[in-house]
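To start, the structure itself, in structure tokens.
Letters are used for the chains, namely A, B, C, D, E, F, G and H, taken in the order the chains are written, and counting of residues starts over at 1 for each.
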Amino acid sequence: MPAAKGWIEVNEKYCKGCELCISACPPDVMKLDTSHLTPTGYHPAHVYKDGCTGCAICALVCPDAAITVYREITKVVHATA
Amino acid sequence: MQKEIIIAGFGGQGVLFGGQVLTYAAMDAGKEVTWIPSYGPEMRGGTANCTIVIAEDEIGSPLVKNPPLAIALNLPSFDKYEGELQQGGTLVVNKSMVDRGPKRDDIKVIFVPCNEIAEEIGDRRLLNMVAVGALLTSLPELSLQDVEQALESHMPERHKNLLPKNFEALQRGYEAAKAQSAGITGQ
Amino acid sequence: MVATANNLVYERPVGFTDAPTHYCPGCTHGTAHRLVAEVLEEMGILDKVIGVAPVGCSVFAYNYFDTDFVEAPHGRAPAMATGIKRVLPDRIVFTYQGDGDLASIGMGEIVHSAARGENITVIFINNANYGMTGGQMAPTTLPGMKTTSSPNGRDVETQGYPIRTCELLATLDGSGYVVRRSLHDPKNIRLAKKAIRLAFETQVRGLGFSMVELLSTCPTNWNLTPVESLKFVEDKMVSYFPLGDYKVSQSVAQVKI
Amino acid sequence: MTRELWEGNQAIAEAAVRAGLEAYFGYPITPQTEVLEYLSRRMPELGRAFVQAESELGAINMVYGAACAGVRVMSSSSSPGVSLMMEGLSYIAGTEIPMVLVNVMRGGPGLGNIAPSQGDYNQAVHGGGHGDYPRIVLAPASVQEAVDLMTLSFDLAEKYRLITFVIADGCIGQMMEPINLPEMRPVVRKDWDWATNGRMGKRERRILTSIYLDPYQEEKANLRLLERWKQAQAEIRYKEYFMEDAEYVVIGFGTAGRVSLSAVRAARQRGIKVGLLRPITVSPFPLGVIEDLVRHLSGILVVEMNSGQMLEDVRLAVRGRVPVQFYGRMGGVVPFPDEVLDEIHRMVSSKGATELNPRDAWYERMVATK
Amino acid sequence: MTRELWEGNQAIAEAAVRAGLEAYFGYPITPQTEVLEYLSRRMPELGRAFVQAESELGAINMVYGAACAGVRVMSSSSSPGVSLMMEGLSYIAGTEIPMVLVNVMRGGPGLGNIAPSQGDYNQAVHGGGHGDYPRIVLAPASVQEAVDLMTLSFDLAEKYRLITFVIADGCIGQMMEPINLPEMRPVVRKDWDWATNGRMGKRERRILTSIYLDPYQEEKANLRLLERWKQAQAEIRYKEYFMEDAEYVVIGFGTAGRVSLSAVRAARQRGIKVGLLRPITVSPFPLGVIEDLVRHLSGILVVEMNSGQMLEDVRLAVRGRVPVQFYGRMGGVVPFPDEVLDEIHRMVSSKGATELNPRDAWYERMVATK
Amino acid sequence: MVATANNLVYERPVGFTDAPTHYCPGCTHGTAHRLVAEVLEEMGILDKVIGVAPVGCSVFAYNYFDTDFVEAPHGRAPAMATGIKRVLPDRIVFTYQGDGDLASIGMGEIVHSAARGENITVIFINNANYGMTGGQMAPTTLPGMKTTSSPNGRDVETQGYPIRTCELLATLDGSGYVVRRSLHDPKNIRLAKKAIRLAFETQVRGLGFSMVELLSTCPTNWNLTPVESLKFVEDKMVSYFPLGDYKVSQSVAQVKI
Amino acid sequence: MQKEIIIAGFGGQGVLFGGQVLTYAAMDAGKEVTWIPSYGPEMRGGTANCTIVIAEDEIGSPLVKNPPLAIALNLPSFDKYEGELQQGGTLVVNKSMVDRGPKRDDIKVIFVPCNEIAEEIGDRRLLNMVAVGALLTSLPELSLQDVEQALESHMPERHKNLLPKNFEALQRGYEAAKAQSAGITGQ
Amino acid sequence: MPAAKGWIEVNEKYCKGCELCISACPPDVMKLDTSHLTPTGYHPAHVYKDGCTGCAICALVCPDAAITVYREITKVVHATA
């Protein structure tokens, strides 16, 4: 399957900066955004460089369902199918 | 005489230990003293605070509504205790975590950039000691020496190496507070 | 479903309320919640579900699922679930319990619910300790593991051996579907979700007692980072609590999803 | 309508069924096992829920679950079994949902014996589970009254959302008396605005819990309970015998009350102006009635099958204005009417007065005689 | 001797150890878990028995077993956990053997919260388990007092063979105060003439049980308990403050008592002649002391962290001779001294009088203000 | 022992007090008592034994053994035994429990005693019903079997399935010796006694939790004669509760008597 | 008026049912009535007895210490109730199971060989009915017919076939008692 | 092993006439003695004809340990060995 382009949104209402998504991200394009804090006082995760494939692994491992995942492809893969 | 002190802040800010240091000092100074923690409704994270009561004889309530002395290490605590402080009381505020000035003018508010000072000393966890040092300027019952002595005698062996930095933190906080009282405030 | 550009691949399940959980960062209680919410949503049964929260870190589970919920005394969730299911047989009733709740104080209730073949589903979180009360030893605490009530490490001579709950419940004829899964990596999370789905399908079809044990983390009391915690599950827990299917009744084996 | 002869336990069970009982969860224990055995046949035949639980803990928590679902549910047990339900009862009370528990009390403490006793009065009325919670407690003195109170117990539990106990003893549970059973009420599932019975596309989700991490919220919940408790005062029930011209009154509930009736009759035959007050609701307790009595009485004798538990509630109402005496038998001993008659004589001859605290005085007499 | 700063729960644990505790069985529950955690390290290092039981039911029955063996044994828990021990406690009481239970009470009913409360007073003092049984209940108001009472609790439990509770709350359990710990007492296994510790060639076999199938035998057992209870009256303890010239008195135990002390001091500063009576043994209750007070008092204010439980015991002693008022906070709320001070003012200005029942009057004020 | 004429072959064991039991005629509770008394006598440990009686027909067991005895709340005998054994490790502590007591209300206590590997011995009488309270259904009541609380015969759909206690406890690492025997004929009685002996030897050697489940009769509530009752055990119970060794730890396997 | 009756004997002697028959009869005769069993301390076997109270209005205690009427089906019961019977009361004794005469002369003791009579009728279980029949001679409130009627209407269908023998047992007991009162005593 | 002569004593204090010994007795020489009752009202078991081998099976199955067994032989066999 061709590495399709994808992107995610991390909802700072939920993110607790646990880094599980970061360690799980296959292309390794995520890290904590130490530049600011969430309302509950955590550094949120974010994609800091190109390469997100929209594989949704991050969302799959996120205990707080903080991540929404999109990608530009023609086939839908459900995150947890 | 009886003096009540409330120390409040986030879970990780060393609120409880800061209070215990004062408690040990008071005990060693032969006073009656109580230390009682209270955790917000939230079980973890959230705000923590503790109340210390220092007196000459048997202490009644270990909790007080309107303390004469308080330390607020974060904004929520500042908001809460600025309101509840006794008239004429003193409130030490961790300037590093608050972005506003005082609302009340019938209490003395001492702003100390605890985080910055602690980081200058080289250990951000010492912010509580900085605040305690500052508070001492308004707690004649206990001297800086009393508190240092308490740290010395009650800090577990394996942490003794941290003593010098703790002393420094107390000092710096004390001076920062004195300086400010002397008018050279950080604002 | 027709594929379009800018396609949404994953979003927070609607079965999961919009309340942020009170769990510690990286605690896989959240993962388990999310999977249950996804399954209930996918099965389209949120409307019929009544959940039973335990006493434990998940005591507030009722805040996170868009379903009716009750909160049981410590260990008694299966009994409460029994009471509800018996008077509302067409509803879907599940309990969500920790290992102290289910395997320690609640052992009598879980064994007898399974023996009765109660048509309820149990989500069992095995995190090898009592999280909420500050990390005391649980029936699932590994030998030698330090906790606040086994300060020198669990001594099996005086503190006994961990209980393998699935193996124990599998000896009961009333058990329809009893399996152990883990939440320590994406693959296992997918398998866990499948199992949760099958557990609820078991109930929907009235095939008896169903339970999914999930190996879970407690970074706070384990004094490990969330990432290290997943490793602990993989390296230490899985070997003592082998993943697998311990009871799949013939009728459940037929179920096709 | 013709009367039928029924054993107390079975009559209680059938009365509950006719009151619309939808679910029963229990565990065998003498002397109430006939309730469970009767319902093990009766409930299934009506398509209603019956489960013999693994224990009383299981039973009370099954009751808790079914109560959350909003149906009429009950359990029954006897003293040791009821003690095991204390945590669950406190939870149910704290969740503010209705349920009924029948306690056919036996001799205690501990395993004790299976003889009739009233030793659990304080547990039912005052202490019991942890925390503050009011409860309604009904105390029948006959099989017919037990039957009538079963219907009432469900109605009150639901009206006030307070947990409700019916406390009897082996005497009432195993006695046979002719009774009239009520008509069979149809099972109507009221659609309570609190029941957790699934959203079913009709409403927002509901939560039933007894947890209030914020003490101020918990205090509010406690006040809600007290408010309903205040309203429940309207439900006070009691029965008076020979009170018109009574100068002395015997107060006893349940079996002790009916035994006292025989004694009071005998005393009347001997020309003693004594009456009987038999509380039917021991919680709420008929304090007001006693308040009134106090004005024109010379003495009160409290009779119980325990060491003087309701006695204290009577004394709280009397507050020293009239001498109060006590007679009790313990551990499963049922007093005979002539014992109570002797006590009435003692009260009258002593003009009701007693130097000591009535309990201490009674204790002295007990050790002297027994 | 130098004072040490100890947390209440840990101090209680260490005090028990020094009193010769040979075995501890418990189950974690906030706010007393530190007792268990402390002993999980301390007991094994002394070669003594420690077991984290599977539940409070398990714990209390392990205690029961060890108590039968004749050793100093205790458990500790908090409200919901204590409710689960009611059957076991009734058995132990009925078996007439000593044991100590510490209840660090929390807000209830039900799961409630972990804040300080006195909601279990009635459970501890009056109701609780099934059947009639007296118990000794000690209520410390400070860490030092808790420490001192631990030694006493074992001594009393053994002297009278009555079950003994120490009731505290999260305030005392989690507070730190400077204390003097007692010397370590050597563990002496008294060779009780009742302990079932094996014949070991020395004696006839022994049986410990709470069953008396013959009600008359059970009644005798009940009377034995009452006899020891009578003797235990000698153990009544309480503390008085500012009582010499007091015209009014505040009565409160434990945390409510020490909070009241602050209020009484403040009132004294305002020239109000008010004193404080703080019962230390709430069972046996200092009725006699109050009897005496009543003679020269104008009013009594009872302060509790519940809806008025000890209040009724006070009223039984007062029996209407002096106006009694009540102030309580519930569900884990700890009153502040100024609240109590306001109540003192109210009492004084109303000359102590209250038209309503003190509990009803208090309830009215609560709903009006809260 | 030198053989003489007029030789005594068997007499009432001295460990058995001279009190006639209160059991119904032919009830094998008596047989079980006798075997335990013989074993304790033969091992010469009567002096060190503390027994724990249950709530059930055997509530008065304490009257029949010439040893110290305590009487536990319903189902809690293993907890009481734990309390005693922990403070008197050199004494021999055993519980004697019925199936309602052990497998119903006492499930939590028995599972955890086994999991802890408590050094106690459990004599478990499985008579498929609650004898003392008049023959209600027990966790061991056979499917379809009529009891006073399953008047139409145990319906597994609503009343659940019988629990096989040995199989369940065998899943626990703390179990040292867990076996099922029967009392329905001379051969099995002999095997039962051997097992009881081995169970106590397990305790004497500190090899962990030991339990002997004994299939037993309840002629009174079964409404059968004592002889018919033995037949019922043989024909109906043994097939559902297979006799055998369910857990014999390696160390116990070494034990030679 | 109020009459109390105690029936006592061994477990298997039909004590409880004997009492229930009288209870049904009293109920059908429109009276207030209570029936209460009591088992000896022994849980099984041992002696059983039941107390029946028959009255015109609300019944107080369902238990009595000194009944005016009693049936003793075995020796222990004879010993016990001969002692407790009210002065002038009547005690029916199952002669088949006792080997002694009366001790008291202030009560009327009627000896009836219940077992023998029952066996003559062909069903030893009917010994309780024989005794009840005998008692009726001293219980004017209830006639033989009342009791037969009660049996008729309350005996479960499947046992109806036993009615004739029950009637016979009642009759025989009644006559035996009458005969004896008439002086032709079985002693 | 030659069928040695044996005999038993049934202690009427304990015997409840349950007949278990009777049905277990190999030579079938036992029955209930219907001629009299034990103090507790049961017909006790007894050996009613020759043939008792002293095998002690009756004692082995007796729930009430009512039976004492003797036999004239030169080898001791313990009842439950």
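Going forward, a residue touches a chain if its C-beta (ideal position, glycine included) is under 8 Å from a C-beta of that chain, and two chains touch if they have at least 3 such contacts.
Every value quoted in this text rests on a predicted model; they were computed, and no experiment measured them.
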item: Graph distance between subunit E and subunit F, where chains that touch are linked; value: 1
item: Chains linked by the largest number of contacting C-beta pairs; value: D-E
item: For subunit A paired with subunit B, centre-to-centre distance based on mean C-alpha positions, whole Å; value: 41
item: Rounded Å distance, subunit B centre to subunit H centre (Cα mean); value: 88
item: Whole-Å gap between the CA centroids of subunit A and subunit H; value: 83
item: Centre-of-Cα separation between subunit H and subunit E, whole angstrom; value: 61
item: For subunit B, residues contacting two or more additional chains; value: 41-43, 45
item: Residues within subunit D bordering two or more other chains; value: 51, 54-55, 57, 80, 87, 91, 95, 110-111, 113, 209-211, 213-214
item: Per-residue multi-chain contacts in subunit F, two or more chains; value: 24, 59, 71, 73, 104-105, 107-108, 111-112, 116, 139, 159
item: Partner subunit D, residues of subunit F touching it in the complex; value: 55, 59, 71, 73-75, 100, 104-105, 107, 130, 133-134, 136-137, 139, 148-152, 158-159
item: Residues of subunit E defined as touching subunit C within the complex; value: 27-30, 33, 36-37, 40-41, 44, 50-52, 54-56, 80, 110-111
item: Contact footprint of subunit D on subunit C as seen in their complex; value: 46-50, 52-53, 59, 62-63, 65-73, 76, 79-88, 91, 108-109, 111-112, 116
item: Residues of subunit A touching subunit C in the complex; value: 6, 11, 13-14, 16-20, 23-24, 40, 42, 54, 56-57, 59-80
item: Subunit D contact footprint on subunit E (complex, rising order); value: 57, 79-80, 82-84, 86-87, 90-95, 105, 107-115, 117, 119-120, 122-133, 209-223, 226-227, 230, 306-307, 309, 312, 315-316, 319-321, 329-333, 360, 363, 366-367, 370
